[in-house]
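Shared between the two complexes below is chain A, which has chain B as its partner in the first and chain C in the second.
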Partner chain A sequence: MAIKVGIPRGLFYYRYYPLWKTFLEELGADVVLSDHTNKRILDEGVKSCVDEACLPVKVFHGHVLNLKDRVDYLFIPRLTSISKDEYICPKIGGIPDMVKNTIKGLPQIIDTEINVRRSHKNMWKAVMEIGSYFSDNKFQIRKAYNKAQKVQDMYDGAVRKGRLPSDILNSFQGDNTNFSLIRMDENPDRMDVSLNRADVNPNRNDVRANHGSMQRGQSLLNILVIGHPYNLYDSYINMDLVKKLRNNGVNLITVDMQDESTINKKASFLNKPMFWNFGRLAIGTAMHMLEKGNIDGIIYLMSFGCGVDSFVCDLTEKRVKRMSTIPFIVLTIDEHSGEAGMNTRVEAFIDMIRWRKKDESNISALR
Partner chain B sequence: MREQQYYLGIDVGSVSTNLVLIDDSEQIVDKIYLRTEGQPINALRNGLKDMASRVGEGIKIKGVGTTGSGRQLASVIVGADCVKNEITAHAVAAQKLIPDVRTILEIGGQDSKIIILRNGVVYDFAMNTVCAAGTGSFLDRQASRLSIPISEFGQYALRAKSTVRIAGRCAVFAESDMIHKQQTGHSLEDIINGLCEALVRNYLNNLAKGKDIQDVVVFQGGVAANVGIVAAFERALNKKIVIPKYFDVMGAYGAALLAREKMQKEGGNTNFYGFNITENEYKAKSIECQGCSNSCEVIEILSNNSVLARWGDKCGKWSEQISHAVNV
Partner chain C sequence: MKVTFPHLGNLYVPIKAMLDDLGTDYVVPPFSNKSALELGTKYAPELACLPLKITIGNFIQAYEKGADTIIMVGGCGPCRFGYYYEMQREILHDIGYKMDMIALDIPWGNYKEKVAGIRKLAEGVKKLAGGWNINKILKAAVNTTIISKRMDELESLSFKVRPREKKRGTTNEIMKEFRNKVFSTKGSAGIKKLIEYTEKKLLEVEIDNNYKPLRVGIVGEIYTTIDTGTSLNIQERLGDMGVEVCRPVTISGWIIEHIIKGGLHLPRDLRFAEAAKPYLGAMIGGHAQETIGNSVLFAKDGYDGIIQIYPLTCMPEIVAESILPSIERDYGIPVLTLIIDEMTGEAGYLTRVEAFLDLLEKRRESKAIEGTTVLSGN
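Right, the complex of A and B next:
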């Protein structure tokens, strides 16, 4: 019987699931995914995790609990660094330890460190170590990883073309997960790509059809939503922000859709390199979008108590305000399940953008 | 003479439920400020009943607008034509009363906001984050802890003789700081003044950070009744603060204006069910759906045993059975 490896549907799942899943499966493992985040996962995560952690870390604990009794291994690599000279965040780097020390009765955890801060060659060391749980054949491990990387590249390519990672991952239900279905030249109608293309023509009917309660005569707004993938693509954590925005006629643009070399160029104005991976991506994307000049607003989604966001958000906001008059709002999420606060902020933000646009074209200030 | 037509604005907030009736020339004919006391449906019914008895049930309502955190609920019960968020409603109302306004400070029961207007358009705004420190509900709590009627709270601050620093970042910190100061013998007046200053400091630090506060500065929302806070704002900003005549019902006034605007533009008949809805029994029932592990908390609004609306489910299993879908 195949070895069952559990992947918690939290944190870097949204970024690397195609890679991890393909790699493990190529080595003969059965990959088991935890359920979508739900109330029980949240409650149990909050109960077991240390109090001071951020919401996504707590939720991750819930996903571990959801999986622990139905798998042989848990795949929780220690993500120290995924980019040269940068770290991710101390909590994510310490997640295998936090999980091990707070949850009892766990299966064995594959907690290989991934640290490419000094060199990308270290990746191969990690790959070989993970592979060794399933195979002694180095050639087979290498081959499996190369295939996985190809699948990940396809996924990344589709995201870069404007598809939301959550749309892609959620379109593969149950056992029917075949990532080779993701192609860059995907037929837009079938795969809903049109929903999230920045350059989409607002008058196209197929786009309009996807925005149910949009009022007639309203144009699509392009809004850059900056947020960690685990907050932005987990509809439970963020109280369905993506759907709320789409219902209000918003075309979402995210950090993950940008080309990294462009981001790096734009982020290089900072007088010293950003210490955090997400910090560089966030600020580089914001600068890039400002220069392109085709966005109507910026939403910064952060979880309460996030150390990285606490200053990256501030830095981004200050830069945006200095360089432009583009509306900027911070949405903070924590354990709240009452949606009124989130709804009010989103609705008021969209209202303001539309109102300002009307003013610019001198129609009517008061709707 | 043509029959006078009226528009009703309703603001169901966390601490107060307000109703405003305007006539066709946007003048306020009647206003009601009620405490929500955790029961928005009751407050709304009482408000409507009061209003009907004062202006007469027979008046012609042409349109109804709702706002506030309970705007969906209110909309379902009264039949609203226009459901708008508080930022937009407050901005519209302030501009109507004080056309030159460029900055709106608004502190309500659960939320505090700053709205920046330029050329008569909302240009920027900020709201407090996940926590409600420094808002009306916290002042309420402190007033009741000290057994001072909230209406006199601000007067105490004005009688302060010396400055006492109270931690303002978090309501829990502020409360423990207040108690510590009180136990070391500081006068109540000084402590209350310290609290007002702490709230203003916190507000300016959190919400107004980086924003250009230009004259005319208008302060509205229930907390604007607190003269201690007003004085603290004037000291901190070194600006004159304007309190509009109807400062405590500005959200409702804005909702009424928005309803009028919408009905005049689009025409048609109002969705308003009429003042006699106060005779109906309303019940809100909460069910925890067992359909999946989300265990959504579904709310059902019932009137005389028929379901008016449902919301709170993520999948739409409950809400989609009802014609009155409540969307963001």
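Right, the complex of A and C next:
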């Protein structure tokens, strides 16, 4: 029987699932994913984890609990660094230890460290170590990883072209669908529009639809939504933010859609280079979008108590306010956040942008 | 140019000595106090960690006393501290305090960034020293390190004397006298003498040799453990309650192990990392590895309990906190975690500490009873 390897549906799942899944399956493992985040996962995560941790870390604990009794191994690599000279976050680097010391009765954890801060060569070391759980054949491991990397590249490519990771990942639920299907959706513009439309159902008996904010013929708003993938693409954690925005006629632009080298250039204005991968991307994307001048607003989604965002969000907001009048809102989530409050804030924000747009066009019409 | 620097426990002593020796004009900010924290809380991002907030307060208060330049050190992550001086610069800029920042940062990044980093570091040193007098600079650096080490030794001596003193408050008197005198003492030579004098006085304190104090190890985030003013003087208070404390993370340790040995790639004292390994497999930032490793070492050393202190939202210590229960269980050593933020109420905090000490006392008694039963052969 194939070895069952569990991948918790949290944290860097949203970034690397295609890579990990393909790699492990190529080596003959049976990949088991935890359920979508739900009330039980959240509650159990919150209960088991230390109070002070941020929501996504707590939820991750819930996913581990959800998986632990039905797999032989848990795949929780230690992600110290995924980019040269940069780190991710101390909590992400420490997540295998947190889990191990918090939850009892765990299967063996594959907690190989991934740290390419000094050199990308370290990646191969990690790959070989992970592979050795399943195979003694170095050639086979290498081959499996190369294939996995290709799938990941396709995934990244699709995201860069404007697809949201959650849309792609959710279309591969249940069966072991091959990720090469990603390729089918390569027409970026059509994808984008159809995705945005697919979720907009004005006839649905939805509060927002009745609210009348999504009127016929209303133009799409382009809003940059900055947030860690595990917050932005987990619809349970963020209380359906993506859907809410789409229903309100918003075209989401995210950090993952950007081309890294462009963003790097934009982020280089900082006096001191930012050493958090996400921080550099977030602030660089904001600068890039301001220069391009085609966004109507910026939403910064952060978890309460996020150390990285407490700095990055503040720096970004300071810059945006110094350079422009683009509306900027911070949405903070934790286990106590209520959906009603979130709805009100999001709607008010969007209404405000629409009013401003109307005013602007009135003025220019008068002139 | 009139420089200032953030407070961090006794750091002001070696820095003051250094600036005296270099002949640089400076302002020591008022000791971290409530109003420093209030200022910081007002201007720093709400969810920033407490040390950032207090340093902002330090700088504003120093500015009001005439400082126009800040000395800060930096780092390259993964923790927020590495980005402190950038945040401070941005915050002060936005609220209209015109202050220069001399950032002594370890050069890092790609080749180009590294070269730029080295140049910036050299410029900073030159500006501080008022020129390129290598001899003077090296001498000041050596003296700063020595004084820092002496200060830490003095402090740990006070941790030992305080719980054993026959007359409560003697140690605090001596330390207070030191604080008062150090401001009027100029230069490393004079300060060294003052430290020696204080040390002698501490050694002369009349102590109760038969008294066996509870021993508590202090671990946690470096700022809140070292700058005891920000953690409600917990270390002094424990001493006053007759408890001996030990805190392995010190400023001189940081300078020697982290900056000097780290910078020169010399072998470091990594006992704590070894000890941490079964629980925390890697360096994740901040002092989490020290927290875990030192807790294990304390437990093995027969300490009665461990207190972990950290500021709210501190990333590495949150990881450490979730690991500590395993050490508590494996070694049977009680751990108390104290989280500091601007709302921390003194009363509630002290009640918890007192309850913890009661627990330690009871455990010690019951252990002693067990011991005697075994001895009497029942």
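The rule we apply is simple: the second predicted complex is superposed on the first by the 330 of 367 C-alpha atoms of A that agree within 3 Å, B and C clash if a C-alpha of one lies under 4 Å from a C-alpha of the other, contacts with A are read in each partner's own complex, and residues count from 1 in each chain.
Just so we're on the same page, a contact is a pair of C-beta atoms (placed from the backbone, for glycine too) under 8 Å apart; a residue touches a chain by one contact, two chains touch by 3 or more.
All values derive from a computational prediction rather than experimental measurement.
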{"item": "First, second, both or neither for A:S310, with chain B first and chain C second", "value": "second"}
{"item": "Touched partner set for A:N343, first chain B, second chain C, both or neither", "value": "first"}
{"item": "Partner chain in contact with A:G94 - chain B first, chain C second, else both or neither", "value": "second"}
{"item": "First (chain B), second (chain C), both or neither touched by A:M352", "value": "first"}
{"item": "Contacts of A:C49 with chain B and chain C, given as first, second, both or neither", "value": "second"}
{"item": "Which of chain B and chain C A:K272 touches, first, second, both or neither", "value": "second"}
{"item": "Chain B versus chain C as contact partner of A:P107, first or second or both or neither", "value": "neither"}
{"item": "Chain B versus chain C as contact partner of A:N247, first or second or both or neither", "value": "first"}
{"item": "Contacts of A:P327 with chain B and chain C, given as first, second, both or neither", "value": "first"}
{"item": "Doubly contacted chain A residues - partners chain C and chain B", "value": "304, 318"}
{"item": "Footprint of chain A on chain C - complex, ascending", "value": "45-49, 74, 76-80, 82-83, 85-87, 89-90, 94, 103, 105, 108-110, 113, 279-282, 284-286, 288, 312-316, 318-319, 321-323, 325-326, 339"}
{"item": "Residues of chain B defined as touching chain A within the complex", "value": "69-70, 84-88, 92, 95, 111, 119-127, 129-130, 210, 257-258, 261-262, 292-297, 314, 327-328"}
{"item": "Residues of chain A that touch chain C when the two form their complex", "value": "49-50, 52-53, 78, 80, 84-91, 93-94, 96-98, 101-102, 111, 113, 270-276, 304-311, 313-315, 318"}
{"item": "Touch list for chain A against partner chain B, complex", "value": "35, 38-41, 212-213, 235-236, 240, 244, 247-248, 304, 317-318, 321, 325, 327, 329-330, 332-334, 336-337, 339-341, 343-348, 351-352, 355-356, 359, 365-367"}
